[in-house]
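Chain nomenclature is as follows: A, B, C and D, assigned in order of appearance, with residue numbering initiated at 1 for each chain independently.
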Amino acid sequence: MRAAAASMPMGLRTGIFLLSFVGFGTKAGIVPFHLWLPKAHPIAPSPVSALMSAVMLKTAIYGFVRFTFDFLGGGPAWWGYVVLLAGAVTGLLGILYALTEHDMKRLLAYSSVENIGIIYLGLGAALVFMANNAPVWATVALVAALLHALNHSLFKSLLFLGAGAIADATHTLDIEMLGGLLKRMRVTGTVFLIGCCSIIGLPLFNGFVGEWMLFRSFVAGSELPGILSAIVLPLMAGVLALIGGIAAACFAKLYGIAFLGRPRSLDAERAAEVAASMQAAMALLAAACVVIGILPGIVLNPLTVLARELLHTPALPEAVLPIAHTLPWIAACVAVLAIAAAGIRRIKRTVPTWACGLPALNSRMQYSSAAFSKPLRKVFSRVYEADRTVEVLYTQQPYFPKSILYRSVRTTSFEKSLYRPAVDAVVGMASRLRRLQTGNMQVYLLYIFLAVIALLVFMRFA
Amino acid sequence: MGLIEIAAAKALASSAVFLFFTLLVMAAAKRISTCIVMFSVQSAIMAAEILAVAYANKSAEAYTIAALVIVVKVLAIPYLLFRIVRNLKASQDVASSTTGAQSVFIMVGLILLSFFAVAPYARTLRVDEDMLAASIALLLAGAFLMVSRKKALMQVIGLLILENGILLAALTTIFGMPLVIEIGIFFDLLMGVFLMGLFVFRIRDTFEHLDVSKLRRLRG
Amino acid sequence: MTLVLLLLVPFLAALLVLTCKESRRAVLVAMSAGAIEGAAIVNAVWRILAAGALQCGQYLRADGLTAFFLLNVGVILALVLTYSIGYLRHIPAGRFSSPRWFYSLTFLFVFTIMAVFLSANLGMLWICVESTTLASALLVGFYNTKGAVEAGWKYLVVCTVGIAFALFGTIALYLAAVRSGVNPASALDWTVLMNAAPSFGVTRDLVKLSFVFVAVGYGTKIGFVPMHSWLPDAHAEAPTPISALLSAVLLNCAMYALLRFDTITSHAIGGEFSHTLLLIFGGLSVTVAALLMVVQRDLKRLLAYSSIEHMGIVAIGIGVGGPLGLFGALLHTFNHSIAKSLMFFTSGNVRESFGTLRMRRIHGMARSMPWTSAGLVVGSLAIVGMPPFGLFISEFMILTAAFGASRYLIAILLLVSLSVVFGALLHHFQRMLAGKRTDVPAKLKLLPSDFAVMGVCTALLLLFGVHIPGMFAFLLQRALVVLQ
Amino acid sequence: MNPAIDLIQSLLLVAIAPLVSGVIARLKAQMQNRRGASVLRPYADLLKLFRKHDMAPDTASWLFRFAPAALFAVTVTAAAFVPVLHASALFGVGGDFILLVYLLAFGRFFLMLGAMDGGSSFGGLGASREALVSALAEAPLLLALTSVAILTHSISVAGIVLFTLQQHPFQLSAVFVFALGALVLVAIAETGRIPVDNPSSHLELTMIHEAMVLEYSGASLALIEWASSIKLTLILALLIGVFAPWGMAAGASLVALALAPLFFALKLAALTIAIAVLESSIAKLRMYQVPDFLGMASALAILAVAFTALMR
């Protein structure tokens, strides 16, 4: 296969690359082919969502890797830049969209888009390294991408299962209706927290390892001879950091609103822990997240073998090995310190939350999910286009309105400016075509006769 | 040359004109029964032609085909169609979307067009120009009738005329195809007309009219 | 004898089943006849593979290509018959619309289809293709509703007119052969024509003329745009098993006829002309069908347009040519037939449950009918060419062949259309699947047979997406040998 | 080099952190014509808080109690990355800047969650604002450090410091200027100083950090306050180490090691004065101008990275 691919003309190779990029990209959910993902996830039951995120997206990644790296054996640097760009845009838009979601599963689905973007960043970097004849770093980038894919399937499954548990316990996935679940569902809440820590790439959790290797390979990009790659790759570290930062905000919102504070609805208040089997499943995944996060060596080695198989390259460079040795020490250090710090303190009593001296707080006074994400939404308002309406109902007194209704519908400008016109054009054309199917059979017959005549004319000239 | 030969030669030479005549009558016709009669006549002319060819070539196959044409197209199908018309007890109007004069003019135009179209082929294929033109004219005329007449039965008749054109084309160029195939085609045709007749009844029963231009529930 | 048996079984079954007044007996007879026919097909395919080709008299022959399509018919027939067990519960009793009539007409239809594949003679081929129209027209109009009658009528007339052009084309080819010195008695025989084709040079124009008419004629039956107008009506109004049969078998059957003509034409005057024509039809079909899928309101019409699109893809595969293109095209006919059957079966369940196929009125499928929804999702993923389903492989082959042959325009057109289709299906199905449990009017109990059918379809799609079985690949190679 | 030295300098960093906060507060007070509290006041505060009762709101879960410990632990761990007296660190080879940045993010994440567990609107408000600042500060911080890492051919913090130390000040690439600019801006945002946040504010309209810790009391509060002063000192030490390490010991020379605290103290003093001057002379930015502020930092950082390639 590889030999056949090597002898193919460049045009064909490019064709295959672009095809597999778009084809697998659609399946993986890279922007701008991501639209189906957040629509499909909320419909599916939680285990299916988990499986979809974990396996289906990964088969797409696998397919792309297989085609681009194994079958085609890499290509010119611009392939890599295309993939990098796609990854950067996908990651950023994915997490920005996730930030504004209040439906837990939609949020997680958009976060899948983001993670696919991160994986594509690694794949793009690997392609650039390969085109620049730096197989060692290509291996690092590819291992990073594969590792992140693996990690993503772990923590995203965990989170989707957690979402399923919450749906079971509270019958809703709208986080504006939740709150205080950690107290009511201790195991679910704890493992969900581990999932959140993993997904935003905190050290000692598995998400960090993949991202670290990505960062490392981006920094190594500065050693490449080409000016362009030496600028673009390190800048991608900034993109990745921005994605990570927003992801932290996003999952702080998700966890903080859904699991912490006071319940925002009766259902959330009455929530109880889910079945033990479900807890066990989640706990297993959470354990995997932590183990890989602290001892990344156990997955790094097999993945390196795999990547070397794909790229036919030497082992990982020395420069990336220390992380595997450092993380356990860091873990130990943090653990000892945290235990020590926790040991100093003795919680004496619980008191009502301070309410500025007013009567007791209620759940409606808490920060809502929409409010939490508001500052970031405002900063990135160019990406979102919200249709806002505020209806204020006054009685007699002008300063004490009876009710204020605030409605905000988010449509993303990306969808508006790129897809809307395209979709409108397609639908317009389709509607016009639709009129050709008049229902009148005589017109149909006319079409056939016209086709014959047109072809006879064509035949004369062909 | 005996009388029969002279008659045969005459028939061959002028049959195209007769065929054109039947087409013009159909174009002008307002009643379905006229069209059915004209179709029968048209088929009879073709049968005569085939008989002439058969006689000239002493071909048993051609005789069989002529017999088939007489049985199926001159007698059976017109009979079937008449029965349908009678049983339908509906208006006999062909419901043309063009006026009579327009239809005739268009028909004349189609006939001229077919002469114009076959000119180059007639020479290379070494066949009689007006017969080939007639076959194309029949094709076009059938198509025209199907498109312009709104009654379901007229679609059937148009299709039959179209079919006649194809048959004529085959006859004038290569004296028809192998016998088994011809028989198969005739059988298919008969079944087709029978089925269409069945559907005409169903249309009348379910829609209570026979105007196919109003069958427009399914579209888009 | 092997070949005669293939024809005899469905024909006798059609007669026999008509005598069964009781519907359970009819089902039993039909299922056993189906089993016998299946065995006969397997036997025939086996023998064909062993012998290369089978001949029976002057007019029946089966070669590798036939074997491939026979297998296709066998699989779909089995699926359709099994599905019908459950489906027939809902057939209202009428004068001609009873299970026995349904089975009788279905077997008659199968009989004509088998005859198409077994014809050794292009004239016979035409007769049989025309017979398929006649046999299936009554099935399309089976329900005798306004829509069904209208669809049946249009189907009958449009296809008969279209097929008439194919007759003209056949005659033109016959003329060309006779004028090139082939014995008139065997000048319609396929092998004879194939051998004589290279000497058709003198009648070059005639061969071209012939192919134009054949392409329009059989193209009508295949559903190429702009001759496709009958197809959505017929597919939408026919009983669901018949829709599957039409889409999965009848279209392939017409495609088979066109493929035979294309091969002869390519041999006679080179592939340029006929392939260009196929690419034009293919490109037009794919584009128009993809666009029309966006604005469909009825589920089965949507599926019908999708069939047009896929026939366009097959035409592109043949038009691009080369071993890869042809291989992809043949494989695609098979994959499409399975995926589309699955889709139609699920649409049948939807109709029984919701009482409508208007997509706007269908909500909450995912909750209320999870298995059917799963079938729909698998089918639609397969139909838009997602890995790991079979259509991905065949589409990929066709695209690769197109890029390899530097047919960039058509390849890009195909890609764009595929994405439009993806968008259209997503748009339609997402709304149908989502929603509350309460949106569903009636609960449909699925029979084991329904599960079996959907399971087999899914398994086959997955199998062909992951690995093409060796025997099947061998069969396909044999079919390709015939075409080259 | 010597783990003992590394341990001592890390502990030193942790130990002097409250002092740095105290000095800055004192300097600010004096600039504002107040006498100000003793520079040792933060130690007294910590001592007092550690002895006080620890209270938790009734809505809070275990996370509320765990968050300060986690914050403190990761911040102290991060302190073990940064050379202070000797150009090495406890986490020398593996202690790279990426890990450092993410460890700080770790602490912040837990602090945000702890704040939200209180169930009042203040916690959510503070966490939301903190999320904004940290989301936007992470990229320039990482990019600026990336450019430095590229220039010094090392990703570990100790390695970066060692490289710079071995250069003559005038040998250093001009790119450092951009990196320094970016890092200073980010450092301000990260440590919650004016003009991004006001550490002494108790007005809900302006506060970020203070809003988050409103529900904390006793030892928990002590841990949080200590952790944030460690973070401040750590970042100052990082700035010193990366951009002006001269005077730090590199070899095993005892003289150099003995002089190193002096140099460090001088440079730290200069920085605290700079902070005090800055905080006394400019006003806090409006909340929605903070992104602009960080945008400038990002621009500088991007420029720094681009110049590393362009000026090779």
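The working rule: a contact is a pair of C-beta atoms (placed from the backbone, for glycine too) under 8 Å apart; a residue touches a chain by one contact, two chains touch by 3 or more.
The shown structure was predicted, so the numbers you read here are calculated from the model rather than taken from an experiment.
In this view the innermost chain, defined by its CA centroid being closest to the centroid of all protein CA atoms, is A. Across the assembly, the mean Cα position most removed from that of subunit D is the one of B. Centre-to-centre separation of subunit A and subunit D, using mean CA positions: 30 Å. In terms of their C-alpha centroids, the spacing between subunit B and subunit D amounts to 96 Å.
Separating the CA-averaged centres of subunit A and subunit C is a span of 41 Å. Among the residues of subunit B, those touching two or more other chains are numbered 143, 146, 155, 212, 215, 217-218, 220.
Counting partner chains per residue, subunit C shows two or more touched chains at residues 153-154, 157, 161, 232, 292, 295. Looking at subunit A, residues 434, 437, 441, 445 sit in touch with two or more other chains.
Annotation, chain-chain contacts: A-B, A-C, A-D, B-C (touch as defined at the top). Per the touch definition, subunit A reaches subunit C in the complex via residues 11-12, 15-16, 19, 22-24, 26-27, 33, 35-36, 39-40, 42-44, 59-60, 63, 423, 426-427, 429-431, 433-434, 436-437, 441, 443-445, 447-448, 450-452, 455-456, 458-459, 462. In the complex of the two chains, the subunit B residues touching subunit A come out as 143, 146-148, 150, 155, 212-213, 215-220. On the side of subunit A, the complex with subunit B involves touching residues 434-435, 437-442, 445-446, 449. Those residues of subunit C lying in contact with subunit B across their complex are 59, 121, 123-124, 126-127, 130-131, 133-134, 137-138, 141, 144-147, 149-154, 156-157, 160-161, 164, 167-168, 171, 174-175, 178-179, 184-185, 188, 205-206, 232-233, 236-237, 292, 295-297, 301. Within the complex formed with subunit D, the residues of subunit A that make contact are 180, 182-183, 186, 189, 193, 197, 200-204, 208, 212, 215-216, 218-219, 222, 227, 230-231, 234-235, 237-242, 244-246, 248-249, 252-253, 255-257, 259-262, 319, 322-323, 325-327, 329-330, 333-339, 341-342, 344-355, 361, 363, 365-368, 371-376, 378-379.
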